[in-house]
Amino acid sequence: MARPKIVSLTEAVGQIKDGDMLTFGGFTVWRRPMAAIYELIRQKKRNLHLVEVNGGTHDDMLVGAGCVGIWESSWCGHELYGKFGSNLARKIEKGEILYEDWAHIHILNRLTAGSKGLPFLPTYSAMGCDMLNPENDNLGKAGLRDGSNPHIGKLKYAMYQEPFTNSEIVLVPAANPDWCITHVQMVGAEGTVRVDGLKFSDQEVIKASKHNIIIAEQVVPEEYLRREPTRNMIGGYLVDYIVEQPWGAHPTGLYGVHEPDGEFISNFFKATRTQEGFDQWAEEWIFGVKDFQEYLSKLGITRLESLKANPALGYSSTMKRGSR
Amino acid sequence: MARPKIVSLTEAVGQIKDGDMLTFGGFTVWRRPMAAIYELIRQKKRNLHLVEVNGGTHDDMLVGAGCVGIWESSWCGHELYGKFGSNLARKIEKGEILYEDWAHIHILNRLTAGSKGLPFLPTYSAMGCDMLNPENDNLGKAGLRDGSNPHIGKLKYAMYQEPFTNSEIVLVPAANPDWCITHVQMVGAEGTVRVDGLKFSDQEVIKASKHNIIIAEQVVPEEYLRREPTRNMIGGYLVDYIVEQPWGAHPTGLYGVHEPDGEFISNFFKATRTQEGFDQWAEEWIFGVKDFQEYLSKLGITRLESLKANPALGYSSTMKRGSR
Amino acid sequence: MESKKGHSKPGEFKPIDLLACAAAREVKDGEIVFAGTGLPMLAIMVAQHTQAPTAVCIYESGSIDGRPIDLPTSVADARCSYQAAVGDGLTDVFGQLQSGKVDLAYLGGAEVDLYGNVNCTFMGGPTGKRLTGSGGNSDIHSLAKRSVLIMPQFGQKRRFVERVSYITSPGWKIPHWPDKEWVPKQEVYGSAFNGGPAAVISDMGVYRFDAKGEMYLDTVHPGFTPEECRENCSFDLNNF
Amino acid sequence: MESKKGHSKPGEFKPIDLLACAAAREVKDGEIVFAGTGLPMLAIMVAQHTQAPTAVCIYESGSIDGRPIDLPTSVADARCSYQAAVGDGLTDVFGQLQSGKVDLAYLGGAEVDLYGNVNCTFMGGPTGKRLTGSGGNSDIHSLAKRSVLIMPQFGQKRRFVERVSYITSPGWKIPHWPDKEWVPKQEVYGSAFNGGPAAVISDMGVYRFDAKGEMYLDTVHPGFTPEECRENCSFDLNNF
C-alpha cells in the first residue's frame, strides 16, 4: 500500500466517480470539508449516494446542486442558522431525490459496523418510530434492494429476537462508502491525522470508507504529530489523498481555528428556499469563482479574521450567539 | 447521583463483596491496580468472578491467594517475566477453579456490549476454535447456566446466520461486572479520569461496570484536567471511589511514570510454581506488610527510583530488555 | 400579546423565560442530563446555576459535563466543551445513553401528541412539509429514563395533536412493527425499557402523562388559563 | 549443538538469527503487519530496517506504526509507541483487523499442526498442561490475510504435530461447531474469510501450505538437512 499522495483539491476530488457512495467527517455545521463540497459541485458530480451520520450545510448544498441521487442520514439542517436543509426538503417534497431516514444511533451503527468488518450492529434505538416503519423503506419501494447496487442491501434493517435475554432488537446493516472526505486541523506529511476538539464520528466514518481524502488546515512534519500518538486519530496507511487547504471548512466551524460563518449560512438558507435561489447563490459563490482560493479572496480577510477563535477558549470571544 | 468519594484503599476495597464480578483496567503487566490486588488478598475476598479482557500478574496473584471462584478471560501470563500464570495453570490443571477461555475480541466484545447496554455483540473471530467448542463450555458443564447467577447467562455464545449477507457469525453475551478497579496517572478531585499512553480497553471495562474504583498516582485539581477535555477518558459521575496511591501499579508498569519491575514479577513467577511457594511469597510481600505503604518501604527507594521513566521517552532509558 | 414576545426587563418575565425556568426545575441535583440544541440547552444551564449545580450535562456531539461561560450555538460548539470533563464523540455518549446512564433528556420538537410521541421529520407525514429529521431526538427519547419536551404552544395549536403525523421519537404508546398494532412502549422495548416522556413544557403550562400514558395539563403558567391551554391544543385535553 | 545457542559475533549467525531474518523476509514493503510479543516483534523490526521500510506495524495493545529505538518487552511497552502514528486501544486495532486491513500477522505458538492450527492454551488438551491462552493469537489468525508463525523446532518435535491438542487459532482446516465436521477455513468463515497461515518459520526451515491446506517443507536453513527437519516433526512431512 502506497503512502498517501499530497495533491491539489481538483485532483483529489477528480478521483470520485458519478454514483459513488460518499460520507464526510464533522458534525452538522462543524468541521465540514466545504472546499471539497464546492469542488464536487464544480466538477458536476452526479447521482452520489450520501450516507452520513448527520448532514448539514454541506450536504444540503450538494443536494441543491443536483449532485445527489440518494440521501441517507438522521438529520439535515443548519443548526441556529437555518431551520432545515431547504434544498433537501424541497427535493424530498417534490419526489426529486431518494432518501432513507435513520435515527442517529442507527446510522452511526451502520458506519461503525462498516469500520469493523461486521455485517450489522444492534441497537434498541427508535423502536416503534417511523424510520423503522416498513412503509418508509424508500429504497425498497424504489426497487433498489434487488442486489444490483452493491451499496444497497436487501433489507433496510432487521428485527431480531436475540437469544441471551430474549429481547427484540434492531439490527442495522453495515455501510462502507467509497469515499470519506474529512477536514482536520493537521495532517502529517505521511498522513497521520490529528483532530483537535470533539472527534464526533470521524474515526468510524474514515475507517468504514474504502478511500479517504484528508483536507487539512496545515500539513506538518510527521515527527511533530508522532511525539503524541494518543492525540492522533488515523495512520497514513488509511489515507489516499492529502490536500492542504486553509479555511477549507468555511462556512462551517473548526474547533480552535474559526467559528462557523453564521451570516453566510443564514444567507444560504434564505437564498435556497427555491431552486432558482440556489442556482443564483451557486452562480455567485461556486461557479462564479475559479477555485476555493478565489472564494476566500471574495470573502475577504476582514470577514475571515472576524471568525477566528480565541486560543484560550477554542472559540471567538467577540462573537456572541445570535449576533452577527 | 453523588460525586465520588475520596477514600482509603482499605475502605474502597472493603465495599467489594465475596462472589462479586470484577474486572480491571490495564493490559497484561501494564497499569494494573496492584495496590488494590494486595488489599483484596489481605481482606480475604472469596469466590470472586473475574471477567477480564486479558489477565496478568494481578489475576494470577488473586487466583493463587484463593480469592477467585471463576476466571473468564483470553490470557494469563507475565509477558517476558514468566511464561504463564502458574497459579491459574495449577488450579486449572487440578480442577480447583472454574474458567472460560475466550478469544481477545470475544471478551472485549462482551465488556463493550455491557458498556453500551446491548445484550450481545457480533464478531467473526475464532470460529472453528476450541474456545467455541461446545464441549468447553465449562460454566455450562458445571450447571451454572441455570439462571441462578445473574452474571452467568444461559448461553456461552450463539452462532447466528445473519440476514444481511447470510454469513455465520459469533454473538457473545454482554458482561457487566459489579466492580472495575483501574489504576491511572491522574484523577481530578471530582473524579474526571485521565489515562496517559495507550488506553487499552479501559473505557469499555469502566463503562461496563456497575461501580468503579479509580486509583491514581495523583489527585489533581479538576480544573487542570478540564483544560483539555479531549485527553480525559471518564467523567466523575461514573466513579464511586477515588484512592490516591503513588506507585500503586507496582510491580506492573505505568506509562510515563515507571517500568514494570521485571525482576519482581520474574521472582513471583518462579516462586509460585507451587502453592507452598505462593503462600511463602504472599507471607513475605502481602501478609507480612501492614499495607501498601509498608510494601513500598520494603521495596525501598533505590529499587523504585531505578524503574522511573524518562519523560522524553515514556520509559526508562537505562533499563534494557532482558537486563535486570 | 406583543408583550409576551421580546426580551424581559429586570423584575419582569415573559412566557419564554417562564418556559426556560419551568424546564430547569425538572432537573434534580446530580442527575445525568442529555440536552439538545436551543431552549433545552438554556434550561439545563439555568438548572446548573440554581438547584442542580452538580447535574452533569451530556451533548450528543460528544461533550460531557461542560461548564460554559458563554451560551453555545449548537451541541458541537466549542462553548459546550469549555471546562468539560470529557470531549470525545458520538460512540461514547450514545453508548452511555443506551446503557441507561441518562436520567433526564431535554428535547424540542415540531409536533407532540397525546402519548408524547414527537415529530421533527415531516409535518403532515411523508408527503408533507420536510423538517430536519431525527438527529438524536429519537435515540434520546427511546433510551433516557425521563424525557422533557420543550415546545412553544401559544398560537401554535397544530403542534399539540392527537396523533403526530410522523413518529420521529417514541412516547408512551407506539406502533409495533411490522404488525402496526399500537402498544405501550414497555411492550416494544422489553428489557431495554428505561422510561419515557415525563413532561411537556410549553410557554403556556406544564403537561404530564397519566398511567395510561396520556397527556394532561398539570400546571398553567401565570397569565394563562386552562381554557386558553385547551384552545391551543388540537386534541381534547380532557384530563384536567 | 551448543554453538547454535547464545548471541552471534559479527560476521557469524546462529539459527535464531536466521529465524528472525527469514521471518522478516515475509513482509512486503507498505504492508500492514500485526505483530505479537517476542520474536515476531524482532522480525518486523528487522523487516522495517531492511526491505520494508514503509511497512506499518500494529500491536494489539493499540499502538500503530511505532518507530522504536529500543526493543520493546511486550506489545504494551512504551517502547512500541515511540514515534507511533496513533496510540489508542484494543477496540481500534481489533476493529481494523476484522475489517480486513491487516495484510500479514506474525505470531508464535506452543504447537502447530499439519493444517496450521495453533495451540497456545493447553499442551495435551483441556486436561493437559495449561499455558497462557489465546490473547490475540486466535483473533489475528482468524482475521489477517496472511499469517506467519514463528516457532522453535530443533529438539522440540512435539511442537510440530499432526493435530494440535487444542485449537487456539484456526489454520486451513478446522472443525465446524457444533457438528464437529472438519472443513476448510473458507467454509466456516464465509464472506469473512480473509486468508490464513502463509508460512511457519522455524529455526530449521520454512514451511508453507499446499492447495489442500497441508504443511510442506519449502526451504531448509543452512546447517540443517530435510531429514533433520523431518526428524524434528511429529507428523509425516511427506510433501517435500
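Details
The first chain written gets the first letter, and so on, giving A, B, C and D; residue counts start at 1 in each chain.
Note that contacts are C-beta pairs under 8 Å (C-beta built on N, C-alpha and C of every residue); 3 or more make two chains touch, one makes a residue touch a chain.
Composition by chain, UniProt nomenclature: A, B = Glutaconate CoA-transferase subunit A; C, D = Glutaconate CoA-transferase subunit B.
Not measured: the values here are computed from a predicted model.
Looking at the partners of chain C and chain D together, the chains they share are A, B. C-beta contact counts were set side by side for A-D and A-C; A-C has more. One inter-chain figure worth recording: chain B and chain C are separated by 40 Å, centre to centre, where each centre is the mean of the chain's CA atoms.
Averaging C-alpha coordinates per chain places the centre of chain A 27 Å away from that of chain C.
Shared contact sites, meaning residues of chain D that touch two or more other chains, fall at 63, 81, 87-88, 98, 143, 191-192. In chain A, the residues touching two or more other chains are 117-119, 123-124, 165, 167, 169, 197-199, 203, 230. Taken pairwise by the contact criterion, the protein chains fit none of the simple patterns, being neither a path, a ring, a star nor fully connected. Every pair of chains in contact is given here: A-B, A-C, A-D, B-C, B-D. Taken together, the chain A residues at the contact with chain C in this complex read 27-30, 53-54, 73-77, 79-80, 83-85, 88-90, 92-93, 101-105, 108, 112, 123-134, 136, 159, 165-169, 197-204, 253, 255-256, 260, 262, 309, 313-315, 317, 320-321. Contacts from chain B toward chain A in the complex involve residues 117-124, 153-155, 158, 162-165, 167, 169, 171, 173-174, 196-199, 230-231.
Residues of chain C that touch chain B in their complex: 30-32, 54, 56, 63-67, 81, 83-88, 92, 95-96, 98-101, 103, 143, 191-192. Residues of chain C that touch chain A in their complex: 37-38, 60-63, 70-74, 76-79, 81-82, 87-91, 94, 98, 121, 126, 128-136, 138-139, 142-143, 166-170, 174-178, 185, 188-192.
Of all residues in chain B, those touching chain C in their complex are 1-3, 114-119, 188, 190, 192, 203, 207, 223, 225-227, 229-230, 232-238.
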